[in-house]
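Chain lettering (A, B, C and D) follows the sequence in which the chains are written, and residue indices restart at 1 in each chain.
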Amino acid sequence: MNFKNQHPVKTPFLVATGDDIVETDVLIIGGGVTGTGIARDLTLRGLNVILIEKSDLNAGASGGNHGLLHSGARYVCSDPEAAVECSTESEILKKNVGHCIEETGGLFVAVKGDKENYIADFPDMCKKYGIPSEKIDPKEAREMEPSLSDETIAVYKVNDASINPFKLSIENINDAVSRGACYLSHTRIEAFKIENKAIVYARVRNQISGKTHKIKAKTYVNATGAWAGSIAAMAGIHINMVFSKGSLLVTSKRITKRAINRLRKPTDGDILVPGGVVSILGTTSVRIKSPDNIYPTVKEVDYIISEGEKMIPELKTCRYIRAYAGVRPLVSMGKDNDRDVSRGFTLLDHEKDQVNNLITITGGKLSTYRLMAEKTSDIVCKKHQVSVECRTKMIPLPSTHSGEWSEPGVLVNDPFKPDTLEDPFLCECEMVPASAINTVIDSIKKNGGKPDLSSIALRTRIGKGPCQGAFCSMRILSHLYARGEIMDQTGINDLKYFLNERWKGEQSLLWGQALVQSSLKEMIHCGLFGLELVKK
Amino acid sequence: MKDKKYITCDITVIGAGFAGMVAAARASALGLKTVQTGNSSHLYFASGLFDFLGVYPLHSRTVLQDPLTGLSLLQKEMPGHPYSKTSLEAILKSFDFLTRFLQSAGLNYIKPEKGNRSVLTSAGTFKPTCMIPETISKSRLLKNDTNLLLVDFKGLKGFCARQIADILKKNYPNILTLSVEVPGKNGDLNPTHLATLFEDSSFLKELATQISPFLDKVELMGIPAVCGVNKSLEALTRLEKMTGLDIFEIPMMPPSIPGLRLKNAFEKKLAKNKVHFLSQAKIKPPRFNGSEFVLDVMNQNMETQIRSRGGILATGRFPGGGLHAQRGRIQETVFNLPVYQPDERSLWHHLDFFEKQGHLINTAGVETDSVFRPVDTHGAIIYENLYAIGTILAHNDWVRLKSGSGVSALSAFTAVNDFYKKSTTGH
Amino acid sequence: MKLAYFPGCKINFYLKDYDTSFKSLMEKLGVDLVQLPFNCCGYPARSTSFEVSVFSSIRNFALARKYDLDIITPCKCCFGQLKYASYQWHENKELKQKMDCLLADENLFWDGKTKIKHLLSFLYDDIGVLEIKKKINHKLPEKKIVTQYGCHALRPFTITGFDNPHAPQIFEELINITGFKTVEWSKSTECCGNPIYETNKNLSLKILNSKLNAALESGADHICTACTHCQIQYTDLSFQNECQKHHITPVLFTQILGAALGIKKEKLGEDRLPIFDLRVS
Amino acid sequence: MFQITLYTSLILSTAGLLFQVYRFQKKGASGVPKLKLSLNLKLVLFNTIFQSKLFRASKTRWAVHFLVLSGFSYLVFFHALDELTAFNLFQYYQPTLDPFQFLRNFAGFLVLAGCIGFLFRRSFNTRIKPDNKLKYKGIFSIILILLVIGSGFMLETVKIISEPAFLEMVEDYSDLDEGTDLDHLKIYWEKNYHVVFKETLLITEDALEQGRRLNNDYCLDCHSKINSAFVSKAFATHLGKPANFLNHYRADNWLYPIHYLLSFLMLISLPFSRFFHMLLIPFASAQHKVTNKHFQKEAVFIHPATFAACTNCGICSEVCSVYPNFLITGNKQILPHSKIESARKMIFTGHLNPEALNQLQLGNDECTMCNNCTNICPSGIDLQGLWKTLPKTLHKMGYPDNYTFVKDKALQDWGNKELEKDRAAGTYGLTQNLTGRVYSFENCVQCTICTNVCPVVAYSGNDNDMTPQQIMNLLRLGKKQTAAETRMVWNCLTCYLCQEHCPSEIKVADIIIELRNISNQTAERLKIMTTADKANTL
């Protein structure tokens, strides 16, 4: 493949061995959209940055959301402040990270039985907060989106868009790395060394090699989202975190052209966002105790579908590919209903908590990730006495090819004729060719990561199609072995881990054709290969 | 008015998977006039290995060295399991029949021996099984210190010699690997196309010359299971002669060539035995008029009506379409028979894909009496001459127990025999 | 028995022998063939327009219906297409309505009652192998022969209902009664390559070659066809070298059976195998 | 005067013929390898004299042709060229003697009847509704024949009634002077030969008897009974009053040059009008038809002169195998009689409107080479040979077939947003719409069995790009146009192995065929778009 826009990627300046102390300006903890956004923001301002992530990019809420770039209309009634933030941010993002965004437009749809006064207030509220909306005749709306229910009673058009959070993080970190940042995946904070109201260094451990080393930074940014509380606790600070699980379903095809919101007070199962060739239906809000090991349950799935089908009847019968869940990290203000807690972000400078060089950023929304990064970086710069203005507002985020494969059906946008002959598709569902896998492998290795099924899956569409890894997992594993990327028996466990991760996303919605597909998967991987018998 | 066609026969086999094929084979061998419907392509998913019982109890997560020890325990603990309905003798008889039938169709299988065999798979794991094609049989020669050469083919996705070697390195340190480029084929190489090449003598010669420089000290060779389609053993023997080595095949993921060989063997032999095969035919819900089944076949362009005294349901599970799962319930698709199943969907699957007990949904299916006639919840026979065989049977998580082919062969054999006995004694 | 003869477009220009021998064979078997002003079966138009292809077929059916005749064709392609069209006509109401209107413009109508038979299925189902066997008075020499089934008759089975699409038998049974011996080969149900002869000759040739190789491996002397297109493919001048290279001669089923039934050689067409003249009785 | 016009028209006609021959030769030599085709003498003979092929094709047409041809041949031979033929053959020959007088009238009558038959038939539509342009094609020649014959009959009529002519003849061939004898003769001629005299003559039995005697003496040698000139006589007896007027102005004298000038006009127009087919049909029939073997050797040469023999009769289109295609698509260029017209224009004038060329290419692509048109063509033209050679010519001119077009077209042009937008539109009529409905392909379980059984994938090597199940995936990913453009879609043998094997029973082959429809139709739309641009710039 001939790739355009190839960026020279610098080799990381850090070679982490033994107990060496590595020094840097800022250590960012957490590789979600906020963390990678801060990394890019700070490197643009000329600071040295290391970003560590305990697993890999977008492992938390950044990877477990709709991918909806809110116009703000959803929050006009419940949280006007957030609404305005969303509105201005989405305009900036559309300008600067256009390649991660599809400007789908959005509809707010009310069906029979929805509260009349909410519908009546909606246009005025939008006007009041400067969020563009336009009333549309339900008939006309059904022509625009034929799958809308025939019980639709009111429709408003807004400027929603869909955003690919994976591509966003990959591109942000790629850009940061090209400006001298260092990204360490699978690296977990073990402890902070605190002296004189400040963190001296952080001891971190590489999850794969098991080695530890120390990172000494002037400032530490805790951008770990749902895990912000536990990181802060390491520095002896208590943050009262509340975790709210949201589950989402992915359909096998794109049902609507636009993002569809239910025109009512935000609650469960009322958004359907198109993402490439699929649509994503969500969400729920369930209070949970820990942000680890979350997955959608059968009950949640059924509930989301029963809510969603009121707006779009097709959701009852269509095929679902997978379900996933994300955790909204909310800083508790003592309210009972999670939906009432502000979706605005929380930025804490822990100077007040006697730790001068730790900042925590959590909460917020995907739509406002840039603003969160900007505000956080502002504090960091103030601490460093750097007086450079934030530049992410102006400088567009470059698009690199290793980020491209996170989008569905990329290959087929390019003239593929001359290439496909000698470049077999390793993932047939999403048509990811061997050359793309190789590109991604190289990119992972350059960032010091280990190319395995999960890390490749994070950066490409493999395993995300209807077969959910049944065929591509084995093909890519063989490919990795053939290239010598794996040289021991860890491949089997890697395969099992990958399949299990995929499984968590499908087990709650296996019926009809999806069950056929998963049965086939079990026949191959358990029936023939007997993977369930392989012990770690 | 569509063309209307009437067929009268002794027995109709609904389904052309492994169980359906065995049933049709048995029925035609007994001289019954047989009609078969279904889609034989599902045999592409068959590994070509005939399992008996590989793992029991499931939570032990260990391979049974001898299936008989597992069997006696299973028969005691799981009275609903198909194996518990019959004796060991019947199982062995059905395997014996199968071997002979396939032999007559030109496909050689090695008869069961005491204890399970373990067959190397393309994932680098060993699969416990009972009967294997002769082309795979030499994997038994693999000992811990064997100098084994593994060959893979560039472009054959999902099979990598290095992968198997790396995974087995600990126990089998002397594995060498070789990657062969197939002349004229760059890019994707599909198993069937490669397998067809193996029947070409010039290709074999070319392959042998490519391999020969690497054969120093090599004692045994493993190749992916793509060695020929119709004359696999012949091709393998020719290659063995050319290289002077013992060679065995390594089964890989579907589309599986050993499965294709089974499909071809069954189809050809059954056609010769005058089994009337209606490919991909859809059946309307059948009627039973007291003495015979009336099956209206929707054959798109013509309406065929089959009248048969007996019916054999071998439609398989979800992939075969025998069972269909709606969001909350599992149904049997042809006769709408009662399906034994977990109470609600949240019990269908575990959160862990590799859960040691297996997923509960895999025990769902049709419950039967001792000759595999479906019964209702009270244990009463639903139709006198209707049998359900193969993977559709309840209480048999065949994927985890590694009991698929055994149960299929046994149930098919038993059901047809029972029908035959009844129809000849005039019962 | 009276049947409407649907020769198909190619037979007259490309394969006159097939036409001649088919007619003689039918005469011998006591079948009256009626020639109607049929048009193209519609198969070539499958590539460009679904509607055109179906209409072409339906128009032929309507013509045959006018004379209350069933159709017989020696071409597998035409057979498949006519079957396919009748299926679509039955299934697709909108299509049926449109076809009816178009037919009405020409004072034609079709009620779906016309049946379409291929030469082989007609011999096998309507006349019967035993019946034909009785009439055979010239046993042919025991030459080894492989059969070329022809895709469009065989598949999709649910539409054509011709024979078991994976392991067909009727062709073999019909040949074996003549004295010729059929041998098994792996490619009897595979395509001959003719459909892409015009657009991708290279690939068409490769496919033909692979078939000939397989036939050679099976030890056959001849390839037998019962389809205009398949025979054209094997006898095509630019491909003929390939057949000669493999020492395999393509023969028409009608000529074989005709010779076995004792039809005079002049009535079997100009291009015959010499073995037909050396009948072993 | 007569001589001058005769020779002028002869020269003009010959020059015209020579010009046509030159034109054919020039067009014929345009680099096509010539193939020796032996002469088909039998066909020439039968088809020229008896019009055997026309007889087979259409009895009514044959009848009118035969009437005109036989009558006219007689007239040319024994009437126009009587000085060369009749006078030499028959010593007693006189145009006014029977049987010549009768035969002339009879022949003229045949031609008249034939011509009226022509016009009559044309006013009714045949099965192939010809465009009005075709309806009036060659009408000039028919009118001209009618005029020539009509003027001939008129000439004869005015001669019959002419008093001055009678008097001249009396002067030349008798010794009668003014007087009773002459009056008797006049009475006899008025009664029996229908001459119209200015003065009124008293008719008595005796006078008639006298006249009859005189007639026997002087006239009977040269003038048979006028009854045999049945057409002219009918005119003459029903002429009434204008007769005197015509006699006064000597209509017989001035109608004569009109008659021969019209005849000369026919002669001149011979190489340029419909009359020419009389010469070209023997030429076209003379050539043996191209056979299958010639095609396979790729050595085909159709002499351009043979296309000119086409008379646009449309009989070929009536038997055309792909006539139903025309009924649905409406592209007239599917039909052979339209195709040959366009091909003729293209070859002889060298330029044809791009849109017309495009239509011609598209129409010709539908031809199934059934040879029906060649078989039936009354002119004996090797139509099939022409259809077979046409694509090459068109390709050279920049009008490739759809397959080549798709293969050579850059993807960017193909993925034209306009097209992507209205991909549902622009298909001819109904489809199964398998590619537009997700449920027809979403059940794919990615098992690749379809790919594994596909002979195209097996043997194509580098000739193919996507595999069947990748096409299904392209559709699922919403890339219908891209899928339609893959080589797989065009290489597909439509052998249905994939569909028969699919465990999910997806209609793989039907989907691929539908994609090929889309591809074909997109190609056609693209071609029409680009040719419309070309036409505008011209």
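We take it that a contact is a pair of C-beta atoms (placed from the backbone, for glycine too) under 8 Å apart; a residue touches a chain by one contact, two chains touch by 3 or more.
Only a predicted model underlies this, so the values are computations on that prediction, with no experimental measurement involved.
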Chain at maximum distance from chain C, centres defined as averaged CA atoms:
A
Inter-chain centre distance, chain A versus chain C - centres from mean C-alpha coordinates, in Å
60
Centre-of-Cα separation between chain C and chain B, whole angstrom
37
Which whole number of Å gives the spacing of the CA centres of chain A and chain B?
42
Residues in chain D with touches to at least two other chains are numbered 445, 447-448, 458, 461-462, 500
Residues touching two or more other chains, restricted to chain C: which are they?
156-157, 165-166
Touching two or more other chains, which residues of chain B qualify?
45, 186, 188, 196, 254, 279-280, 319
All chain pairs satisfying the touch rule are A-B, A-D, B-C, B-D, C-D
Which of the residues in chain D end up touching chain A in this complex?
410-412, 438, 442-448, 462, 465-466, 469-470, 473-474, 476-479, 482, 487, 504
The chain B residues in contact with chain D across the complex are 39, 41-42, 44-45, 184-186, 188, 190-193, 196, 254-255, 279-280, 319
Residues on chain C engaged by chain D in the complex (per definition of touch)
9-10, 12-14, 37, 39-40, 42, 44-52, 55-56, 59, 88, 92, 94-95, 98, 102, 105, 151-152, 154-157, 165-166, 189-191, 193, 195-196, 199-200, 202-203, 206-207, 210, 236-238
Across the complex, what residues on chain A touch chain D?
252-254, 277, 319, 408-409, 412, 415-417, 420-421, 425, 428-431, 465-467, 470-471, 513, 516-517, 520
Under the stated contact criterion, what part of chain B meets chain C in this complex?
1-3, 5, 40, 196, 199-200, 229-230, 263-264, 267-268, 270-272, 276-282, 299-302, 304
